[in-house]
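Here chain A shows up in two complexes: once beside chain B, once beside chain C.
Right, the complex of A and B next:
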């Protein structure tokens, strides 16, 4: 068959409309995002780490956690990757960055997005701050993104 | 405030662009532009494969030819869908059948309509109902469904003789 055959293409979309039950800790964590624009972690009674997002058990010690600790709206970038190609599934126009962010007072990193003016200026330890959505539904993306401190507007 | 959050939505979407290879593209263009179904022949078992393939799935032998088939055929086997599910577009109960187009040995899977589920039989003669809207080259899109022609069934003995795996 000739190599210059016009190849037929077709758009297909597969959907998986899943819902998960949050469990007690994540329920409280997400509700606080929606209602108070506050970010809470849980402190492990054994290793003393503050785990954010809150979860019912310490992922290191497997201990029950029940001591709620509010963490900062700011934190530092631990690691990041800049996304430059377009994709309709992305939460932002490109470029933006996916980043692990250690919020002030937390001992774990939160996976979220960073929208910045200059991605070349991002370094490990760069300070970022949560930028909240006005319309919040109780989802981790009630925080629209994190922005370098001073660029939140 | 409002009720506490108890559900975390995980609505996953996988938007693919499927690209047909050279042979499947040739097949698809005939479907899309001419409303024609083609097959090709296994050089070893001589069965006419539908849709055409670069090799016979049973013999692993090369294929040859480019054979025009009819857009009508025989119900080789079928199943009745009675269970509702998310995203279902067809009213239940409905029938999905494997249909061997006249002139071929391979089967294509499609919807059977204009017949009650209880009346569908193996060997039933059916014909394609094409659409002129949004032709994609996929039989699933360009043929809306198959429907019975009312002609006498193909006897099971003949289907066995043809080696249709009955």
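Right, the complex of A and C next:
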């Protein structure tokens, strides 16, 4: 290739709208967040785990699930990362934490965010509690975030 | 290599929108039907092969990661296949080789699409050859049809007659998306022109649906199903993306794929040794190009097969008795539906009156991309 070839970079923007069916179990889970500020799981008839968020089948046993179990608004942090960099895609201004949270009565961990006064104080087993949005639409982020117990207000 | 057979077949009833099921629920429905057909459970399965269109089609990155649990793949291997519209065919082929290789005895394979959740035809041209032009799928295939018409001086009603055949056939298939009744040539000719020469009724719908099959090794297949359907050929071929076939109206990869498939099956005269075929015709005129590419007739003669009634439901070599892709198009699943319908025909189990009499061997075909990916399977009632 000649040295003076101008190398051209193509600019592409791809943007499409999507509407994803959530199915019966997730729909019921989401409407309960919206209408009642309650968090429900489904219990697997084989392995007996309570799966939160609710879904139609057990990921481990592949069994259909139909036994609804309400779980707590509080739980413990299983693991987490504190986000220090900025990105418009993030749900909160930084710093905040992404965390896997095992709610009381659940056997699985829910992925959500934690907003805290002191991130250095977060550790495995830290107790957190759901902080609800006032305007809820039937979305997992109707729970605005989780906060360390005692910092919910 | 050892022999393998289809021992389970399942599909959803294909519709415009499955709001009642998410993606996981939809693939589960097809998988559970295939497992019920085989009288097996998820626990009996050794590996899962899953196929779908590009992530961008439905806006879910890595769907196989999400769907593994829904398909009983916990603690087992799952492999995702992706070759655009041919993916369902290639996925079935991969599942077959999982068993034929001797590595796995019982393999579940599933392919799916939820077109209602996205803008698939425009995503197609965002990720494919027409990325700079947004042609849509019909816009990409129409010039190929136009080239075929001009080259062979074909009467202009022949494309519409494919739609008449396929939409009529769909009325005998309870799983088909198209439910509005048989159409006349006049109906098709009067439907709006979308991408000349493709009219509305000559174009595939956007469907939500899933397809599933279970393959089993030769020693256990007869114990699982009263009538295992044996695989004689499973071949996939590719050519370049840039529509080199447009200069010949004969896709080289289809020709090569069929040639190899017939050689593997010991077939020298496809229209005599096969009793029917399910091929991938999303837009009317593509049908004739595929007849020729798959060796059903000489080049330039494809349209005459339909003109003479050969490929009609009651003809000597019915093509797409299910109604084909023109009547039902959950893209990722459409290729597997061709394979699954061909297998059902061999088994004699095509429901709702679309069974062709006395099918002993049948061909399933899928294409993808800009007609550059091809997949062919040949099914038989006799173990090779």
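FYI, the second predicted complex is superposed on the first by the 138 of 153 C-alpha atoms of A that agree within 3 Å, B and C clash if a C-alpha of one lies under 4 Å from a C-alpha of the other, contacts with A are read in each partner's own complex, and residues count from 1 in each chain.
Just so it is clear, a contact is a pair of C-beta atoms (placed from the backbone, for glycine too) under 8 Å apart; a residue touches a chain by one contact, two chains touch by 3 or more.
All values reported here derive from a predicted model rather than from experimental measurement.
Shared-chain residue A:88: touches chain B; no touch with chain C. Legend: residue contacts after superposition of the two complexes on their common chain; A:12 is shown touching both chain B and chain C. Applying the stated contact rule after C-alpha superposition, one finds that A:57 touches chain C and leaves chain B untouched.
When the shared chain is aligned, chain B comes close enough to touch A:30, but chain C does not. Once the two complexes are overlaid on the shared chain, A:22 sits against chain B and chain C alike.
Of the two partner chains placed by the overlay, only chain B lies in contact with A:138; chain C stays clear of it. When the two complexes are overlaid, the chain among chain B and chain C that reaches more residues of chain A is B. Note: residues 10, 12, 14, 16-22, 26 of chain A belong to the chain B contact set and to the chain C contact set alike, using the contact criterion stated above. The residues of chain B lying in touch with chain A in their complex are 1-2, 4-26, 28-29, 32, 86-87, 136-138. Those residues of chain C lying in contact with chain A across their complex are 17-25, 28, 42, 56, 58-60, 68-72, 74, 114, 116-119, 122-123, 126, 131-132.
Chain A makes touch with chain C in their complex at residues 10, 12, 14, 16-24, 26, 55-62.
Those residues of chain A that touch chain B in the complex are listed here as 1-3, 5-22, 26-28, 30-31, 34-35, 88-89, 138-139.
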